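Naming follows writing order (A, B, C and D), and every chain is counted from residue 1.
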Amino acid sequence: MAKMTMVQALNLALRQEMENDDRVIVLGEDVGVDGGVFRVTDGLIEQFGDQRALDTPLAESGIVGMSIGMAVYGLLPVCEIQFSGFSYLNFHQLESHAARLRWRTQGQITVPMVLRTPYGGGVRALEHHSESREVFYAHIPGLKMVIPSGPRNARALLVSAIRDPDPVIFFEGKAIYRAFREEVPEEAETMPIGKAKIVREGKDLTMISYGAMMRPTLDAALELKEKDGVEAEVIDLLTISPLDDTVFVESVTKTGRAMVIHEAPRSFGPGAEIVSRLMEKAFYYLEAPIARVTGFDVTIPLFSRENAYLPGVHRITAAARKTLST
Amino acid sequence: MARAFKLPDLGEGIHEGEVLAVLVSVGHKVKEGDLILEVETDKAAVEIPSPYTGSVKEILVKPGDTVKVGDVLMTFSNGVEAEPVEAERRMEKPAEAPDEKRAVEKPPEKAKQPVSETRTPTAGGPVPASPSTRRLARELGVDLRLITASGPAGLVTAEDVRAFAEEGKQALALPVAPEVKPSEVKPISIPVPSLPDFTRWGPVERIPVRSIRKATAKQMALAWSQIPHVHNQNMVDMTKLEAFRQKHKPEIEGKGGKLSITVFALKAVATALKTYPRFNASLNTETGEIIIKHYFHIGVAVNTEDGLIVPVIRDVDRKSITELAVELNDLVQRTRMRKATVEEMQGGTFTITNVGPMGGGFFAPIINYPEVAILGMGSSSMQPVVLDKGEKRHEIVPRLMMPIVLCIDHRVLDGADAIRFMKVIIDALEDPDELLMTMI
Amino acid sequence: MVMGELTQESEVLVIGGGPGGYAAAFRAADLGLEVTLVDMQERPGGECLFRGCIPSKTLLYLAELIRDADRAQSMGITFGHPQIDLGTIRKWKQHVIDSLADGLVTLSKKRGVQLIQGRVAFEGSDRARLYDADISHIKFRHAILATGSHPSSLKGVVFNEEGRVMDSARALELADIPETLLIYGGGYIALEMGTVYAALGSHVTLAVRSDRLLRGADPDLAAPLIRRIEKTFDTIYYNTKIATLNETKTGVDVTFDGEVEKPFQTFDRMLIAIGRTPNSKNIGLETTRVKVNERGFVEVNEQQRTSDERIYAIGDVAGGPLLAHKAFHEGKVAAEVIAGEPSAFDFRAIPSVVYTDPQVAWCGLTEEQAQKQNRSIQVERYPWKFSGRATTMDTLEGMTKMIIDPDTKRILGLGITGRNTEGMISEGVLAIEMGALAQDMALTIHPHPTLSETVGEVADIFLGGATHILPKQNKK
Amino acid sequence: MPRKKINLPYNVEYLSVLDEKGTLDEKLEPDIPEEILLNLHRAMLLGRRFDERLLSLQRQGRIGTFAPVTGQEAAQLGASVVLRPTDWFVPSFRETAAELWRGRTMESVILAFGGFSEGARSEKKLNNLPVSIPVASQILHAVGIAWAIKYRQTDDLVMTFLGDGGTSEGDFHEGMNFAGVYQAPVIFVCQNNQWAISVPRSKQTHSKTLAQKSLAYDIPGIQVDGNDVLAVYVAAHEAAQRARTGNGPTLIECVTYRMMMHTTADDPKRYRTEKEVETWRKRDPLSRFQKYLMDKGLLSDDQIEALAEEIKTEIQAAVDHAEDQMKGGVDPLDMFEHTYAELSQNLIDQKEELKKEIVAMKEKNDG
């Protein structure tokens, strides 16, 4: 097994799926000759030609609308929206059609497409390049919303997304694109969409997070273990919608304490849904209020202030200690 | 060169000790083996012999000091050889002893001068040895310059290096294997609130918690937090056994023993342990295994002025009442005088604590981690007992009754086991003949 | 990257992909560490592979062929006058470089070493900035500095692509075969390049500041080489400096300051080979705790640690003999220390080889060094005129020299001049590392007839009984 | 630094074959097989009658809101006729007549407008997309399908429809642009019916024609009399040839008129004059086509009479059939179907929740 960054792992997933199935088409702005602005589609045009790694005009709605058409015809388009901050220009295509054609036609016409897009802060970017707006998509019936947290699960989930019969929105954390490397097996590997995962076992507290926030969350768990002897159980959601509540509900019935960490704004964020599920399904096991460590309900500041906005180890451990002492 | 003598690792779980007495003074000539220090550790007072022959250069401790394993206690001079670098490496913290400073500047640590100079042999040159031998020396932390070479024209061989490293180890009585720490599984730790200032309500005195007290505190807190305890009380009719005991007391005393109830209890427990081996076990939470021990070493809680100490009697099952009576008596005496050795404190598989002599009644002892059960005995007293005479005839008679408590680790054992186990003990104690049977 | 600054984390960051750098990277990877190797070139190899050892040895081999073809005449075989096709020579040289460089890329991939092309500058003891790369920062647990060195120049002289004043790298590109070439410097690079150009037909003039060539090697070892050079080169000026230097379209005007009858001369091209300067500037070392000495070399200890606990330095930038094989070993040491192994750069003999004709090779203690340290030694020499093999090859100018400790009889140094000494010297290196006695060498059977016999026989001389030379007492 | 005109070799054609009275310009008469001509006529008549019937059903409250097509039969059918079954048909929401031509059943139309999602089910094998209500958003799907067709190297094509209002949407322009860049085999049929609800064509864009919008993307554009089925046919036929031979997309502007309201929920009197409607009624595509066919001796009044009867019963059958289904009622739990290929646990739970609710209600009503 070779160690890879998330960028390389995603590239491997695309490459292998394209090799296995000529219905897989990668399209978007700069995905061809340039190999994608983050190099995720690097080398695909050389290997598969400009019809499989398709450079499109600069029009998000066009890219997604066209992908819908391709999928309707029977291809498996994987389109890239250069930054999730620009995906609002294609929002109606997702909401009005990608998410609905299966329903509208009573299952006759389906849209097996993937929309890949980088999200999240922490890379000192300009405005519109640091948002974390997964709830927009998670809120739409008919779409699936997936956010990997590292090279290995990113590769496996992207393969699953490409093979999924429904449209999948696939968020890639810019901050972890190249931050660290993991062993990624050469042979194709998949991961079920809609299944959360316990990445660290513990008995004292349940920490629920996903995507780029998994790193500070795990670091915090480590610090809690070292400094306070607290055994936190850490859960990686991996899929935001459909949300798998079985894992964190079961965990909380064991620990009695829970916290949610995400960089999206707090109000109406994923945390709100997670907390509600816990209220519905684990209320009587709770020993303390559920903490939410999230972005604030403001536009994410430009990068001189973004570190204060993004949940960090300190904010997470502080909230954890508060929860533990109630 | 001076040689530092550090507090050696005295075995299982001992990290520090309190210096009771310094038996030598500076300039004092000592031979290897001469006693030089008396140190009280968590488990016992130990007399420490000198590892060297030479004269005492400095004494860095005084009675009352708390010293940690690895701390330098005194240094000896005899100018022959210095201890291997290995020893320096093992320092918990660089102590202030002068030779430690030198150690920090040993070659491997020293910054290189412009290579052209350092790498050409200087007069006398480097110690001749093959690259692999030099690597081995680094692995074992041996300074080649200290080795007497066996090879041609002073060539140091791999064998020379190994031999030297061995001596070094022995000289320092350093453990080859790392010590086994009790697994530190913490419970949900809610930060311990700091204490209020008690002087606000009146005068107070502060006594440092040390050695035995500290050890007991740690051991008990660990046991109590880790082991879900279940207590089973019962009464034993000691009337027959007490008669038996009084009858044989003198002859045992003749043999230098003391025929206490505990002696019989030892025997009874050994029998029960053989019948129900699960009581003679430990739980390994990491591997999720129950470790059953095929030896029966039973600890007996002894109350000393310094606190509670639990010396262990080995192979109780293979010893006669008389032997036990003698051994227990001797062990208790020595323990009270703090003369019992560390080894005699270790390896117990079950513990008996008898508060009877002090007039204790029912009580709930804490299991001696990592054991899984403990037997507590109270003081016997005459009590009215209803005897069943058959044909619905009952009779109230005075009998000598003793309260006993068996505490078990519910992770390993259940109440049912406890009751069966107690049954064996009760039967044995109530019927001396039965007990004697087990001795043959 | 069009937007934002991506940071990558790495257990071991190796800066510089030369022999030291890639040796360190590979060893670290083999020890299970996660390694990122950054170099300004697309492929590993560094100066040695692209602009040093490898290309120069490729050309020196051709020079050797030319000379052998010429020598053959006196032995009865006559080849025509060599036809030199610079284009093909350059292609061949490039082919050699490519095949080796591609090999290194494959080795990196297979080992999971991540190769990044870019320029690195430290921003502290745990992070570095990358320029001209896809990621902008690397956060590292350990860094191995292997940035190497570059050819030194004269005040005010800048080497540029088309210039007629060249450094060794430029000279190896063989832009043309200058009618006249001035080489300034007396080290092995100067001598090797001179040998190449002379063989290709240039008229080579050599100017050197000191009164001798090849300092570092004992004079008696250098002598045969110098005798040869005096034939193949036009002139050699000792104790001579360059006073003025003026590059024109047609040539280089030089005024010499020293033992020169014509102080003002013009040459088609000039090669400056007066040493190398460590690459320790403009890499942000000031943001770390790394100490650099007055000569620009990074200070390290036996474990290649700098004064910054996270940062190690190896190869040229860490000082010592600027040799690839020394860098190899330092690289491995650094990697092993990082992996927690008790390694140290602990060597008794680092071999030096000058690939001229004749070749000069030496290791361990030299006679001169012993004198400086006024250390008592015994020196034995074996002139090759007594060697059967040397005679068959008509290379009688050669000589094998052994430095021995008179008390312990231990071999302290070995020096050889002649043909194929590059292969022979290793026996001396092993002997010294093993702490072998002269007797060990003498009692070791050497194949006959070979040049390596001379190493055994020089030890015999020391013991008083070489087969092909009369014992001392019988002399005079 | 010159400043000069760039001469783009470009112009917008206008085509009309039959005049308002239905008199033919022989030079331009296309050669269409009789059979097709008659089928086309039947489809136009069916479209007209079905529209009328839907309106009456709506007015009686038997179905919900719908968008009438009357007046635009020539525009949408004249174009659709050139399609093969393997071609793709991507409608907007005012192509009912063309949808029927493409194989959609009248029942399904009635069901859809009757509020039954079953009505929107469009059989995959028909290669039709369902109506797309967000204006112009379907155009991009057509381009995507067309790209895929090209990728698969068949000579099929895609025909998509929009209105004059649609040309103001971004998706229209992105679609035209993508199609131009990829030379995708797609035909954009713009039914310029003069009104986007209450906004007249003149306020929709400053351009003289809608066809000229194609100039920006350098694809052929043509304006035709959208009430002249032959003109529409000719333009569509040429466009189809172009697409099938790898020569890319075409924009066809069919100048026509929305004779009825925007939807049955709308009252045109608020924004347009009866007079304007009258002038367009004179240009009715159906009667013009019928005159042409009669002149050619392919059709007689009696035949039209008979055909009308036939169609009437056909429609009645569909209405009865659809209404039976609707009376049958629905199972609300079906709403959970077809959101995803498989129900997530969350949806299973919610479905269960609704089921309990329904049962409870029943018991309440029964008890």
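Here is the rule we use: a contact is a pair of C-beta atoms (placed from the backbone, for glycine too) under 8 Å apart; a residue touches a chain by one contact, two chains touch by 3 or more.
None of the values given here were measured: they were computed from a predicted structure.
Engineer: Work out which chains are contact partners of both chain A and chain B.
Structural biologist: Expected: C.
Engineer: Among the chains here, which has the CA centroid at the largest distance from chain D's centroid?
Structural biologist: Greatest centre separation from chain D goes to chain B.
Engineer: Max contacts between which two chains?
Structural biologist: Top-ranked chain pair by contact count is A-D.
Engineer: Comparing chain centres built from Cα atoms against the global Cα centre, which chain wins on proximity?
Structural biologist: Of the chains present, the most centrally placed is A.
Engineer: Averaging over Cα atoms per chain, report the distance between chain C and chain D in Å.
Structural biologist: The mean C-alpha positions of chain C and chain D differ by 81 Å.
Engineer: Quick check: how many Å separate the C-alpha centres of chain A and chain C?
Structural biologist: Chain A and chain C have C-alpha centres separated by 53 Å.
Engineer: Using Cα averages as centroids, what's the distance between chain B and chain D in whole Å?
Structural biologist: Distance between chain centres: 93 Å.
Engineer: At what distance in angstrom does the C-alpha mean of chain C lie from that of chain B?
Structural biologist: Computed value for the inter-centroid distance: 63 Å.
Engineer: What residues on chain C touch chain A, complex-wise?
Structural biologist: For chain C paired with chain A, touching residues are 1-10, 34, 109, 112, 114, 134-135.
Engineer: Using the touch definition up top, name the residues of chain B that touch chain C in the complex.
Structural biologist: Residue positions touching the partner: 107-112, 114-116, 119-123, 125-126, 128-131, 134-135, 138-139, 141, 151-155.
Engineer: Please output the residues of chain A touching chain D within their complex, sorted ascending.
Structural biologist: Spelled out, the residues of chain A in touch with chain D are 25, 51, 56-57, 59, 61-62, 64-75, 77, 92-93, 96-97, 101-110, 141-142, 144, 165-166, 194, 242-246.
Engineer: Give the list of chain C residues in touch with chain B in this complex.
Structural biologist: Touching chain B: residues 293, 295, 297, 299-303, 307, 318-321, 342-344, 346-348, 350, 365, 369, 373, 375, 405, 408-410, 412, 433-435, 437 of chain C.
Engineer: Can you tell me which positions in chain D touch chain A when the two form their complex?
Structural biologist: It comes out as residues 88, 117-118, 120-124, 129-130, 132, 134, 137-149, 151-152, 170-171, 174-175, 177-178, 181, 337-341, 344-347.
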